[in-house]
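Below are two complexes that have chain A in common, paired first with chain B and then with chain C.
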Partner chain A sequence: MRRVGLGVLGALLLAAPFWVWNPYYVHILIMAGIFTILALSLNLLLGYTGQLSLGHAAFFGIGAYTSALLALRLDWPAWAGFVAAVLVAGLAGYGVGKVSLKLRGAYFVLVTISFAGVIYLVSVNWMELTNGPLGLPGVPPFEVAVAGLFELSFRSKPAFYYLVLGVAALAYLVCRRLVSSRIGRAFIALRENEALAESVGIDGTRYLVLAAVVSAAMAGAAGSLYAHYTRFVSPEVFLFTYTVTMVIMVVAGGKGTLAGPVVGAVLFTVLPEALREVTSWQWQMLLYGVLLILTVFFLPKGVVPALETWLRERRAIRP
Partner chain B sequence: MEEFLQHILNGLILGGTYALLGIGLTLIFGIMNVVNFAHGEFYTLGAYTTFLFLALLETNFFLALLGAVASGILLGAICERLLLRPLLGESIDTTMLVMIGVWIAMQNAELTLWGGVAKSIDHPFPQPPLTLGPLSVAPLRLFVLGAAVLLIAGSHLLIHRTRLGRAMRATFQDRETAALMGVDIHRIHTVTFAFGSGLAAGAGALLGPVFVVYPAMGDPAALKAFVVVILGGLGNFAGATLGGLILGIAEELGAGYISSGYRDAVGFAIIILVLLLRPSGLFARAERVG
Partner chain C sequence: MSLRVEEMAVHFGGVAALADVSFEVEAGRITSMIGPNGAGKTTAFNVITGFLRPLRGRVLYEGDPLTGLKPFQIAERGIVRTFQKTNVFPQTAVLDNVMIGLHLRERAGLAAILLRRRRVREEEATLAALAEEILAFVGLAHRRREPAGALPFGEQRLLELAIALAARPRLLLLDEPASGMNPAEKTAVMGLIRRIREQGVTVFLVEHDMRLVMGISDRVIVLHLGRVIAQGAPGEVQSDPQVISAYLGGR
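Moving on to the complex of A and B:
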């Protein structure tokens, strides 16, 4: 039953450009895909190791700027920029993780906020490199070409959708593989009881830094995709709104589950777009805040775990 | 040298209001164990309430300041009763998420209510600066410093000289024991949150006329409050006061001698450095081992 459901869902997603005609809806699907990658990435830290990073937009922005700068200044092809964005963001994650994961709880949160703040200020003030608040227009579209052999362009929306779908699926698989491995069990052990985990030989800081690196690299991948999709990068990519959106997606979807962030990302990309007709942007953000509070009060584990419990109970009632 | 002294004076004026912000935040953290990410929004609330009183109700300037503090106290008390009391005993992460929700909701409520255009607040002080030897200072800024000092001194007296303050300190030291001694913990929590929010609103009301008022003004303010609290050590009243002054001066010097674009980076740098090198704050006594 579950397999059939997943198969149908997979087929629907693969065929989406064929049954979704409106390019605006394809755009929403692409953004949902990018946010899925981001939510999966944050979930690795927040959901599995229990560390709340409120600077996650920094890694997204680092990925976006790396891709954009390499393409614009050094004429790197997009795929190479993508790989570089993943590596640079991962490296930044290593640096930040290495220094900040000595701290826990509120202290860790504050260091991550500060890191994102500093990066934002640099992106605004370092005019020579980043063009400051004006941003970097004209980022080339995502194209893979081997001279004379073949050319693959992701310039059109449906083509880019497949690219995002592919990267999101890859991110999901990386998370699933990681979480079900020894490493993932170490993450969960550290989340549940750090002292106990360390007493059985788990090197806390080492595993947490690993989680930070993978998480940052994934956010960097999302940033690179975003840069090549919107073809414009400005300091706005570091905005706290992005981080908040990611946190809400993970918390509302269900932190510490694999499906949670995906459901949360799709829900909170589609919902604002659906509400756009009726309300303005600030009302949406207001609603986000209220929803976050309501979720903590009424669905503290998130939508996915709540649904699972509900399904299990229903099945138990039936003979 | 004169320029340096001028920076110090400007820093002290800013620092006084930073201290107000920090004291509120540090009390809320120390006594309630809540990381109040909505703290900056009470600062914004104070500024907008002042604007409301002056521009729309056309009251006296000083009455508007009182109204701002009162609005902070009132909304703080409501917020605590409605959102934090039911979560008493939950993990610090849970309340942190709720306060992040309050922060987003309040900021966007202000944006919806007042619009995104920055507003300026009129004040009755004369514009031309006073000259004190080599230094010059706007009368309004001098008033801000004086009011901040008064509020800090008042808070100090409340916490160290009254029965209520003693109950607050007892709750800070040990919540369970304080409850056993007959301290009404619920009441202390409400009072603490209302008091901290009132101070933040006061800071907003004081700095509102100095700068301009806009919906996102609470974000840098909240950040400064966190810097102050981290500098002074979480829950440390005197530390927060000193931390506020240090931050104000450091920012002025940073903006004056390095680059004004990186003014806010001073705060971030302080957070990162202090947390990494001396996480218990600059003024904590050496911690006992074991």
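Moving on to the complex of A and C:
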């Protein structure tokens, strides 16, 4: 039953560019994919280790700038820039984690906020490197080419959609394998009972830093895709709004579940756009806010856990 | 000789919780620490397992100093504890609680896990079977899928024991393992502790239930107001006038 459901979902996603004819809708799907990667990445920290990163946009932005700068200044091919973006963001996650995860909790929240603030200021003020508030236009499209042999371009929207879908699927797989392993069990143990976790030999700091590295690297991947998709990077990528959106997606979708951030990301990317269709712009964000409050009020654990409970209860009634 | 505590002192503010306490826990035996509330028993546990730094003194395990090590490093050396207040991973299934306890027995690294190598899957399967075995040992096999927080109190205490055993202790420290249990459950725990010792694990426990302490201990250490006032076989300690006055409040 579950397999059939997943198969149908997979087929629908793979065929999306064929039945979603409006390019604007494909754009929304691409953004939903990028946010899925971001939400998965935040969920690894917030959902599984219980540590809240309120500067997650910084890792996203670092990925975007790394890709853009390497492509524009050093003519790196996009795939190499993508790999570099993942590594640089992961390294930043390591630094932030090392500094703050010895103390954890509120300190981690504060350090991540400050880190995002500092990185934003650097991006605005280091004119020579980042071109300041004007940003970096003309980031090349994502293309993979082996000289003379073949060329694969992700310039068109449908092609880029498949690239994002692939990376999102990979991010999901990484999360799934991690959380069902000894590493994931250590994350959960630290979230639920740190003293007990340490007493059975789990090195708290080490595992939290590891979570921060993987999470930041994943956000960096999303940033790189974003840079090559919009072809323009500006300090706006570091804005707190991005972080808030990620937190909303993770919490409303269901933190600490694998499907939660995916559902949350798709729902809260599509929702504002759907509201734009049905109401005027004055009402769009207002309705969005009301719907968000209702979700949190009636489904405090998120959409996915609520759905799971509902299914389980239904199954229990019908033998 | 297994564990040796030398002139351990702990102060909370101006209060001496432990004042130059020295004792030994012999390998392969069951040693109990008793004493009125506030005698410093849990404090001593916290120092031994690295949750608290002593003001003075040191802890030696098989000749090596433990002082200054972090709790997880002490667990790596085969010293595992339970806690006085019930302590499980509440939202996690009972079986997964024990799987977490098995952490130190797993070897899989990040790369192998992400590639899901056959070795990793085999390790997972072996450990799941081991976790089932440990659950059966404490008598919780029928609860394996339930979230730990939903278990009745007595069973949560048994789960704590299972988690600690999963970490493969050579020295097991139990902080009031029978508190809050009914008489039948207490008898069951006594049997379990004996069987744990028979498997070669040294047991060091803090307990208030005298029937349990006197029934299973090879040695008893009596702590009062942060000092050791008596130690020896259960029979000797029971008739010690200092112990009687500490418990009854005489002078």
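Just so we're on the same page, the second predicted complex is superposed on the first by the 297 of 319 C-alpha atoms of A that agree within 3 Å, B and C clash if a C-alpha of one lies under 4 Å from a C-alpha of the other, contacts with A are read in each partner's own complex, and residues count from 1 in each chain.
Convention: contacts are C-beta pairs under 8 Å (C-beta built on N, C-alpha and C of every residue); 3 or more make two chains touch, one makes a residue touch a chain.
This is a predicted model, so every value here is computed, not measured.
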Touched partner set for A:Asn125, first chain B, second chain C, both or neither: first
Partner chain(s) touched by A:Leu52 [first = chain B, second = chain C, both, neither]: first
Contacts of A:Gly204 with chain B and chain C, given as first, second, both or neither: second
Partner chain in contact with A:Phe240 - chain B first, chain C second, else both or neither: first
First (chain B), second (chain C), both or neither touched by A:Phe297: first
In the superposition, chain B vs chain C on chain A residues touched: B
First (chain B), second (chain C), both or neither touched by A:Val251: first
Which of chain B and chain C A:Tyr288 touches, first, second, both or neither: first
A:Ala106 touches, of chain B and chain C: first, second, both or neither? first
Partner chain in contact with A:Gly117 - chain B first, chain C second, else both or neither: first
Residues of chain A that lie at the interface with chain B and also at the interface with chain C: none
Sites on chain A touched by chain B in the complex: 50, 52, 99-100, 102-103, 105-107, 109-111, 113-115, 117-118, 121, 124-125, 240, 244, 247, 251, 280, 282-283, 285-286, 288-293, 296-297, 300
Interface residues, chain B side, partner chain A - complex: 29, 35, 83, 86-87, 92-94, 96-98, 100-109, 111-112, 219, 223, 226, 230, 234, 259, 261-262, 264-265, 267-269, 271-272, 275-276, 279
Complex interface listing, chain C residues touching chain A: 49, 51, 70-72, 75-76, 80-81, 83, 87-92, 96, 99-101, 103-104, 106, 108, 110, 113-114, 116, 120, 124, 163-164, 166-167
Of chain A, residues touching chain C in the complex: 174, 177-178, 181-183, 185-186, 188-189, 192-193, 195-204, 210
